[in-house]
Structures are given as C-alpha cells and as structure tokens.
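For clarity, chains are labelled A, B and C in written order, and residue numbers in each chain start from 1.
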Amino acid sequence: MSGLIKSSLARKYAMALSGLFLIVFLLQHFTINLISVFSEEVFNEVSHFMGNNPIVQFILQPILIFGVLFHFTMGFVLEYQNRSSRAQNYAENKGSANSTWMSRNMIWSGAVILSFLGLHFVDFWFPEMNYKYIEVLPENPNRYFEEMVHKFVSPVRVVLYAVSFVFLMLHLLHGFSSSFQSVGLNNKYTKALKSFTIAFSVVIPAGFIFIAFFHHLNA
Amino acid sequence: MNLTLKIWRQANTSAQGKMQTYPIENVSPDMSFLEMMDVLNEQLINKGIDPVAFDHDCREGICGMCSMYINGEAHGPDRLVTTCQLHMRKFKDGETITIEPFRANAFPVVKDLAVDRSAFDRIQHAGGFVSVNTSGNTQDANAIPINKHDADNAFDAATCIGCGACVASCKNASAMLFVSAKVSQYALLPQGKVEAADRVLNMVKQMDEEGFGNCTNTGACEVECPKGISLENIARMNREYLVASAKG
Amino acid sequence: MASLDSKIPEGSLSDKWTNHKSHINLVSPANKRLIDVIVVGTGLAGASAAATLAELGYNVKAFCFQDSPRRAHSIAAQGGINAAKNYQGDGDSTYRLFYDTIKGGDYRSREANVHRLAEVSTNIIDQCVAQGVPFARDYGGLLDNRSFGGVLVSRTFYAKGQTGQQLLLGAYSAMNRQIGRGKIKMYNRHEMMDLVIVDGKARGIIARNLVTGQIERHGAHAVVVASGGYGNVFFLSTNAMGSNVSAGWKIHQKGAHFANPCFTQIHPTCIPVSGDHQSKLTLMSESLRNDGRIWVPKNLEDVKAIREGRLKPTDLKEEDRDYYLERRYPAFGNLVPRDVASRAAKERCDAGFGVNKTGEAVYLDFASAIVRYGKEQAHVKGLDEKDSVLVKKLGQDVVRSKYGNLFQMYEKIVDQNPYEMPMMIYPAVHYTMGGVWVDYNLMTSIPGCYAIGEANFSDHGANRLGASALMQGLADGYFVLPYTIGDYLSNDIRTGPIPTNTPEFDAAENTVKDKINLFLTNKGKNSVDHYHKKLGKIMWDKCGMSRNAKGLKEAMSEIKALREDFYENVNVPGTDSEFNEQLAKAGRVADFLELGELFAKDALERTESCGGHFREESQTPEGEAMRDDENFTFVSAWEYKGEPADAVLHKEELNYEEIEVKTRSYK
C-alpha cells in the first residue's frame, strides 16, 4: 500500500480500478438478484453455487472484500488529504457553477453506500458466514430465495434499501465515467462511453430498487 | 452603479485575515473589475486606509498574474476571461460582491488578495522543459514535420497562463490541469517526447510535494480556466504517467 | 566622459558578426564557474540571456518584479516573429530582412547591428522549435507564415495570436532547466533599485524584496539590464501596469547614455479609451489590417448622428465613407507601417471625424472581407454565391478562424459584436525604440553593464516593423549577448567573488533607503497615480503622435513643475517592511517624471520628422513626414547631468555603406 499512497496519480488509478472492479461485481450481483424476479429455482441454484463454490468463496470473496475495504478506506484517506490541502476555506464558494453535485459529494454518497453495506452485511453476509462456517449448519440448497424475500417484508428496510440505491446511483453517475478519465481514457469515444455510464448508473440501481419493491409487494 | 464589496484583508502570510466590507459608488459598467479596484484603492488611500493589495500586470488576460475569487468563482462569473478582462457590466447595481484570494495551502497569501504561486514555478523546474542548449546549431526548424492536429493540440495545451484558477476552483486544490497542460504540450511534440517519461514522473512528484490535493475529476478546473484548457490533458497525463511508471 | 565608440567590427557588413565572434576573447568553461552575472528582467531578452549564460556555465542571478519570470510583458505580444527563412520561397533573404528593417526604421538605426539581427533570425526559429514552441503549421506539418505591415514577403512565424506567450514560455522553460540545475538563482518579486559601480565597472545591484521590503545587495562581475521599454511614461499604453523605466534610468543616472528617448511607437490598432477610469489600453494585432478596412464617415453630419446613436455605421452608404488610408496611400493601403497609419487616424479625428463619444476612434471594418471570404468558400464548396446570408455565415467562419481570439477580446471589452458592427480603434503607445545606448557588443557606456531587448535603443531606428520586437529580444538574449559578454568577462577570471561589504555598496544602499524614507514620511495629499496620470496627459498631448517646438518646451517645464510637486505632495501609505505596491509605484513614477522631461528635450532637439517622431515643422505640403538626413543622421545619446534639462547630447553618426538612404514612401 505504501507505494500506492506515495503518488497522487497512483492513488487515482487505484480508486478508479477498484471502483471499476466493484462495478463489475455490482453487475454480477444485479444479474443474480434479477433472476429472483423470474425464477425461484434458478435463483436458488445460482445462490447455492456462489455460496459454496470454493473458488468463489475462498478466492473471489476475499478479493471482493479487499476491494470494498480498499475503495472506501482510500476514499476516506483521499478526502482527508483533499480537505486538508485547503486549510482556510472560502467565505463564498459557488461549486454548482462549475461542477455537478455528484462529483463534489462522492464522500457523502460513498458514506451512505458504506452504511448500507453494513446493513447488508448484518442482513445477509454475517448470517451466511455464521450458517456456513461457524455453526456449520447442514446446507439446504433451497433456502436462499426465502431468506431473501423475508428481508423485504419490512417497509422500513425497503425504503432504506431504496434510498441507499439512489445514493449508489449518484455515486456511479460521477464515479463510473470518472474512472475512465483517471486511467487516461479520454478520446473520441468518451462521449458515447459517458452516455453508457449514465444509463448504467441509472438503470442498475433502479433495477435493484425495483427488485426490492417487487418482493416486498409479492411477499 | 453602487456596490458593496466584501474583501479578504490579511496583512501578511502569517497574519490572521478577515472579510471587510467597503461600499463603492459611481462604478461605470464599462470598467474592468481591476479598474473598479483601482478606484476603491484611490478612495482608501485618500481616507488614510491601507489600499487592498492584489496581483495584476498585463491587464489583457495573458500574463496570468491577476487572481481573485469573485462571488465564489475564480476570475468571477464570466467564462474564458481573467479578472482583468471581467467587466462591471456583468454585475447588477446594488449587488454585494465577495472578493477573496485564490485559496490553497500550496498558495499562501502574501497580502490581502495576492498569493504566492511559486509552487507552479517549482513544478516547472522539475521538468517543464526540453533539454536543449542554445547553440545556433540545432537542426532546421522544418527538419521534423509535425502533424497539424498534434501541433494544434500542443498549442492549445501551451496556452495555459499559469494563473492558478484551476487550483483555486478545485474543491481539492489539485494542480492537475496546470501540470497536465505542460506535460501534454511536450508529450505531443517530437522534440518533447525524448524525455517524456522522466518529465511526467518528476513533475508529478514535485506537484505532490507542494501539497496540492488529489484530482477527483469534478471538472471545475476546465470550466473556470480562462484559457479553456481541456480535461483531455489530464487524461493524457494519467496515461503518460502510467506508461512511464510501468517502464520504471 | 569619452565620446561614443560603437565598436563596430571591421570588414564587410555580411562578415562583421562572423569575424567578430571568431576573434573576441572567450572564457574557459572552468573559469565561467567563477563568474557571476546579474540579469534584471525576465522577458524574452532577459530570460533567453539568463538561460544561455547559465548553459554556458556562468552563475546567473535573475530578477523580476512579477511573481514569476513567465509574467513578463513579452507574453502579451500577439502577431509573430520575423525570420529570414524563406520557407515560402517568396524571395526573402537575410539582406531583405536587413533592408526592410533599416527602411522601416526610417534610416535611424545602426547598420551593423541590424544586419546581425537578420543573420541570427533564422537560428531563433530553429532554437524555439527545438525547445518545443508550438508554432502554427500547415497540413503538411511544416511551419506556416503570415505577412505584416511594411514588407513584401511572408516571413512572420506565429502561434495564433499568442506568439509572444509561446516564445516567452519557451525561454522560461530554458530558464527553468537551469534553475533546476542550480545555475540560475531566481529572485521573483524583487526590484532593482540601483546599480553599484566599483572602480568604474558595474559590480552589482541593490535590490528590494517587494514582499518583505528587505533591501538586498547582490554582487556580480557584470550586470545585464533587460527591463523592457518605457511606454508607461504615457500612463495609458499597451504596456503592463508594472512595466517601468527604473532599471534603465538608474543605470543612466550612473553613467549610461540614454539614446533616442523620443522614438516611440504608437500602434494604430488599439481599443479606444472608454472613460477616465481607464488604466491601460489593449492592443489588437496588426494582422487585423490584412483584412480590415479603416474608415470614417465623409460628412460631419453623419459623424454627429453616429456619436448621438441616431445612425449605425452599417447604415452608411459606401459613397459616404472615407477609406482614408486607401485614399492617401494607394500602394500599401491599409497595410502602411504603424507610424503612418497612426498619424492618419489622428489627422481624421483631429479634423472632427472621430466616431465614438470621445471623438477618438475610427472604424476597422471586416464586412467586405467577410463577403469576399464567404463567396470564395461558397465557390469552393459549390454553394450559391448569391445567397447573402450563407455567404455572410461562411465568411464569418473564415474570419473567426483567423482572428477569433482577437474578436472575442474586443467583444469582452467593448460589449459589441465585431462580426456585425465595425470595430472601433484608435492609436495607443505601444513600444519604445529608444532606450539605453549600447555599443555593438550591447554594452552600455558603463563597463560591465549591458542592456538588451527593448531596454536598449539599438535595432529599430525611429520606427519598428511588426514582429521584429520578439526577434530582437531573442536575438540579443540567445545569440548575441552570451558571446559578446565573454569578451569583457575574460578579464575577470581572476577577480574572485565580488564583495558587497564595500563603501560603494554602502553608499548605494543608503541612497535607496533615503529615497524610500522620503516617500513614506512625505504624507502629502495626492496619490502616486494622480501624478502618473498628469504626466501621461502632458506626454500624450505634447509628445504624442505629432510634436512641435512650442508644445515640447511647455512639456519640459510642465513636467519639471510636476516633478517638484510630486516630491512635495505625494502620499505613499504603508511601511517599508511589507508588500507595498504604492511604494514600488512611487519609485517608478519618480523615474518616469525625469525620463519624460528628457524625452521632450530629445524631441525638441530633433527638428526633423522621422519614423514615430513627427515634428509639425518638418512635413511635406501633403502632410507627410519629412526627414532631414543632412543634419540628423545620428543617434542622440544623452549623458546624465542631474536635471534632465541639463543632459548633454552625444551624437553617434550613422553611416550607411550597404544601403542607399531614400525617402520612405508607401504611396
């Protein structure tokens, strides 16, 4: 890590690449969640695979956790550095004149997503870890769908879930296209790429919200 | 026009500063912003008050010396101009105008609205040049044809006036637009390519040591830049740095 | 003081520089390390000289009053830089550039210097390209050229409308490399306050740190003054606010002759003054005259209607317009040299034809160029040439691509769209051909003290051609001074470091401190600007575009009186130990108040008209300038004797061997 912390540009690449990695994970997560809307069996099948395949569990999962930890730790470190690079603030600063709200508030959208991840871990990951590796309960390949639907019974949770995904959308609206700029991609395709990232940033979180409401209403 | 000015007053780098309010009357809409400041200073001198210190020189938008943060924006509300080319017709009669120095730890206040931007100079010392001596025996200027597209892009990057509006506008006080403009100019020209890798590594290292913040791609710099330097230059520098680091 | 020795080398004109370079003394690389050189000013001349001297191995200390060397006012030069490359194959040559410059200067410059300038011009372009200066290129990737006033070839290299910026950044980058290596020690926000002379040689300067107010002593084996021109003596000029004569004036006071102070260039295409609050004037490149036509209304009733806003210039019929340059100078038309174009504008405005509310503006009209280009484009693209809306649009696009940044600047300042309405322009003080007298080696009359760039008087005679200032600054700094200074410094290899604890430094520092004290304790009733503006008005009214004996005599006595009033009543607030702009300005204006008087005296003495200097007593019946070669083919070099009125004139006779002196005609 120390080498990466040293240069501001290396930190920038690291943020961009970890972000892009998390976007890939997000897409995969979304795909699986979406399956739940169409087929309980297939959803259970895929979830069972993801939950028990050793490659997923012991290689991909740690990488993912590292990616998440890295992205937000780095995010906080950068925010701290950036704030302290201007000790005396402006009496009047019109950020809206030259930049988007999203780009200026990544730390806040990020913080909301992080707290959502906390909730998500409490809801799914901790029980899952407990189930598999601590209490070592017998595997039931059909438990996943029910467990999930159960979580969407509470309207409070669904609303929290929806709000969190709105913040994820805001985070992605800046972060996704920004990560390409960070790794040096800015050329004639940038405009098209940007449109794609905007569409992605809206559609995917909206899809998550849709799934949540779907199960809430069908439960 | 009659205006109320709220101006940052700070006696020197180590002194504590604060905002002061000054009314000013009979401002002509045809005045430039700095001419309005001249009038204010003339009034202050006649009243026995220390005039407001601010940097300025060419007053035609090219030297890059003027540096005010006006109503929350570097060089004020107009686009593609420096403060000296901002005219009072952009403001309304009776308006209150907030005037602050460009703020960043890397730009300590010298006095009032004047700041020390020598960090920019030091970044240039680290690599903002092509290592060629004056001999009179360099090859003929037309010996290497340069693709017009590259030449034009190099020129566009080279028009940076080093005013520091990018740093002032950036919420992180990052100097990436400034540094990338210089890196780009040379990276695009065959004369500069030879030492491109060392240049980008050295300049970024110096930039980091000066205490500028990190770039988070908000794009504020590009919008506020009086010369319209493009974010593409930052992307190019990111690329150059990546390749240079990989070559190691 | 000894009479003037210009030290022009022997031999034929075209061999002088080569021979001279081969025969002057050199300093060995090992010894250069032992020698310190001070360079004051970091514009094109100062930055290029500092960088080259450091490359050669000297220890350089460079000073500028701005916060960075890159801010020097060379940065504002727009149009381009001349060089006899003949890339266009249009018959250019070193000789032709030399000839054009001498003729453009109205036969008042030193032949050998100008020839050398033309010789090294080509090296400048090679050097700048090697440094990464992004000159404009054509689609084949080769360098492009444009043409400028007063010449018949295209030899001007350019980088859009920002050539000066790009060249200065090139020289600044060369400096940066040497600063990084530790060979140049850079002193930003420092002002030279005085020159220190030890045993008759320049041995250092007294400088003031403008941030802390600290007075500093700097010793060196030679001092190079590259502090630019003195156009700000007029208060309103196209110079930067901080541009000043002080470094040049201080060395003048210490014994350097000041040459041709009255040779001032008034540039014809500037944005007119809009009111009393104006702090400076903005130039628009001479290149605009390639396509713009200059006119005023023919009838005074129309002028009145326009001033009162009842009539728009675009409503005026062709036959009611007076394209006075085309009328008076059919051969060169709108592209006559600057001095001629400026005087013609003044003549029309004095006759009451000025088109803005102050009566001091003429039109620069692009309407016919827009139509011409539009038709051409329509033809090329196979579109309807009779569709006037389309033609106008296409034409505007062409004009935008050529002059877009200038049009934008005009619109920002004047708040009028120049694509639709003709621009309003008026002449403004722009460049000073006069300056510190130097010999062929660029050394002033003080041994070890050099002056380069606009600060010296040397190459432009009585009028400078467009795109030649950048050429001269870089020629002096990159290619001339670094050689010629070696000849002098070769005697200094055993001198060792110059001590600054000597009585000479004590005396100079005390003088500086006394002056500062005087300003701060004066507690008068008028601001520094009050005096600067008054001086500017006298200069503009009586020493401006046309001059006469009566006005010049009045100017001398008025400036003297103003100077006395200044020392009596000036008010400089603040202290000497802080960032105090008013204090710095007071010192500069004090020097302008002396220079102004010498300027008027020089103009009074020279009863001929030549170049930028127009004496009403010396004109042809048609009102054209009339030179007096028999009595005035010389450089006026003034020796300081206290009061400017007491300055003593030394004449450097100008001999033309290779050029036949002719009457300049652009008819």
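Everything below uses one rule, namely that contacts are C-beta pairs under 8 Å (C-beta built on N, C-alpha and C of every residue); 3 or more make two chains touch, one makes a residue touch a chain.
Note that the structure is a prediction, hence the values are computed from the model and not measured.
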Quick check on this structure: which chain has its C-alpha centroid closest to the centroid of all protein C-alpha atoms? B
Maximum number of contact pairs occurs between chains B-C
What is the chain whose Cα centre is as far as it gets from that of chain C? A
Can you check how far apart chain B and chain C are, centre to centre, with Cα atoms defining each centre and the answer in Å? 26
So what's the Cα centroid distance for chain A and chain C, whole Å? 62
Between chain B and chain A, distance of the C-alpha-averaged centres to the nearest whole Å: 37
Specify, in ascending order, the residues of chain A that touch 2 or more different other chains. none
Where in chain C do residues touch two or more of the other chains? none
Give the list of chain B residues in touch with chain C in this complex. 11-12, 28, 30-32, 34-36, 38-39, 42, 45-46, 48, 50-51, 53, 55-65, 78, 80-81, 85, 87, 89, 110-111, 114, 116-118, 120-121, 124-134, 136, 138-142, 145-148, 151-152, 154-155, 158-159, 161-162, 185-186, 189, 191-192
Would you mind writing out the residues of chain A in touch with chain B in their complex? 6-13, 78, 81-95, 97-100, 103-104, 106, 174, 178, 181-187
For a test of understanding, state which residues of chain B touch chain A in their complex under the given definition. 6, 8, 17, 19, 69, 71-73, 77, 98, 100, 103-106, 169, 171-174, 204-205, 207-208, 211-220, 223-224, 231-232, 234-242, 245
For the complex, give me every residue of chain C touching chain B. 48, 51-52, 55, 66-73, 75-76, 85, 87, 120, 123, 125-132, 134-143, 159-160, 162, 165-166, 169, 172-174, 176-177, 179-180, 186, 188, 211, 238, 240-242, 274-275, 277-280, 282-283, 408-409, 412-413, 415, 478-479, 482, 527, 529, 571, 573-574, 578-579, 581-582
